[in-house]
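Take a look at the structures below.
Two complexes follow with chain A in common, the first pairing it with chain B and the second with chain C.
Presenting the complex of A and B:
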């Protein structure tokens, strides 16, 4: 017997975003936490004005900086959305379409806001 | 029975569909020796305490795959799990999780048999071959590629361990995916494109959330989670690259 009604799953899109986000967060997450949460606020290792407004604005206006910020925000969000959605049943929530829309929708909205904001800042 | 005969309590989940509305537990006191498996414990119950107890077994040596049960909540082969490891506490045996119970510890495995058929678990030759061409030759590497995935004994412990199969029983699941992979990576086989349709489908590998418990409970070290993960990569590549290289079961 071979099922004749096989429908191709669209999961690879979400899985690829999840995978990319996972890779990026594993590689860069700890470093970002260190820089933004420890080194800069406590004034250790890095110069105190590392994350000053002019510096950050220049970073966000730079083409590569934009790409970096966008990738971090969007891919981290898609990674989190996928993980949270699939973890829901572990805490007893049997996730359906609503939960799916909420999780991936949040990631989508976050992605669009990040894209809009980065473009609005200008080059 | 000698005076210092040890006795262990075995709690069994009973269910006789013709008279029970739902499964219920029953406790038996079973005299045992240190070399007795849980299977031998339930065999003692059947032989001496309650002949109506139903369960499957055959080889008693972790080969046939028929004696799988939940033992204290863990999917296990009852023939290689020993009563001494639970004594003096009570040991609880139940039918494998996530499957309909046929009777007592016997599950209905029809759904799995259908899955097994659907993966075409046999070599589909790349081209017709005559006897005169002789046997296929394989290098040790070619054998290595699939050997581990060929040791599955269909015990279904991995299905009882898989929370995603528990949520959605149409998921092709760990053992069937491992066996599918075993044929796909066999150098003699040419059926990969057909089988990938199943891997890529909504019943396929993306139901897996990388829990990994299937590989932990597998008594044969098949590592089905590894087969599932490799095929997520295969399926994703097929999904995104199908327009570039139109093969691999893309529809």
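Presenting the complex of A and C:
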């Protein structure tokens, strides 16, 4: 077989997104959940206006803030989609193209919605 | 013609029989919490883009005891993800040779967890500093 006829696998792309999301969620996931889901709603540890509209709008308009929000949401979604897709086999579901489209498709749609919202917020 | 009907052993609950696979299934299941948390953040981001009233509604909704309960569970699940992520790292990354010796699994896991702790402390400090 000529090397040019070999079909290049798309697996490394999904694997890289899984790895990046896994690393980001391992490093910052627990603290992010604590900040946005526990400390701010309960008004403990952090100042009460930590996630006020002016604060969060300024953060989302900032170039670094935009990138951070996008990376967190998109990579978390791609990490979870890849892991859930590969776990389907373990719970007895013979995952085919449909399951793949559903898992990675959800991550893709989420990524596009995040990009749209961040662009709508403006700079 | 008779259809062949070979016996196929059921694989239902295969992982429950071995503690190693039970642990594996638990650490794979942390992805459900990562996905749900990303969904909550994505919805918040969408509300932020819709203006102040929409954002404040989302912020108020997070005070709901069900949300608090979910976030407590997610905190446990994602912390466990952090632990297992660095625990299996010695087997998921290429061998690191330091001074002619292969870096021990313990050193890789330990430094990963130390970096995670430092990153978490830095994040909390940064948010605290920006909000003040």
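In the analysis below, the second predicted complex is superposed on the first by the 115 of 123 C-alpha atoms of A that agree within 3 Å, B and C clash if a C-alpha of one lies under 4 Å from a C-alpha of the other, contacts with A are read in each partner's own complex, and residues count from 1 in each chain.
Keep in mind that, in the parts below, a residue touches a chain if its C-beta (ideal position, glycine included) is under 8 Å from a C-beta of that chain, and two chains touch if they have at least 3 such contacts.
A quick note: this is a predicted structure, and the numbers were derived from the prediction, not measured.
More residues of chain A lie in touch with C than with the remaining chain of the pair chain B and chain C.
In the superposed model, A:115 makes contact with neither chain B nor chain C. By the document's definition of touching, of the two partners only chain B reaches A:89; chain C does not. In the superposition on chain A, no contact is made by A:102 with either chain B or chain C.
When the two complexes are overlaid on their common chain A, residue A:8 makes contact with chain B while staying clear of chain C. In the superposed model, A:72 makes contact with chain C only, not with chain B. By the touch criterion defined above, A:20 reaches neither chain B nor chain C.
The contact surfaces that chain B and chain C form on chain A in the two complexes overlap at residues 87, 90.
Note for the complex: chain B touches chain A at residues 114, 117-118, 120, 163, 167, 197-198, 200-204, 206, 209, 232, 235-236, 239-240, 250-251. Residue ranges on chain A touching chain C, taken from their complex, read 21-23, 25-38, 40-42, 45-47, 49-51, 53, 55-57, 59-60, 69, 72-73, 76-77, 79-81, 83-84, 87, 90, 92, 110, 113-114, 117-118, 120-121. The touching residues of chain C, when paired with chain A in their complex, are 11-12, 15, 25, 28-29, 31-32, 34-35, 37-42, 44-46, 48-49, 52, 55-56, 59, 62-63, 67-68, 70-72, 74-75, 78-79, 81-82, 85-86, 112, 115-116, 119-120, 123-124, 127-128, 130-132. Looking at the complex, you find that chain A touches chain B at residues 1-3, 6-9, 11-13, 15-16, 19, 86-87, 89-90, 94.
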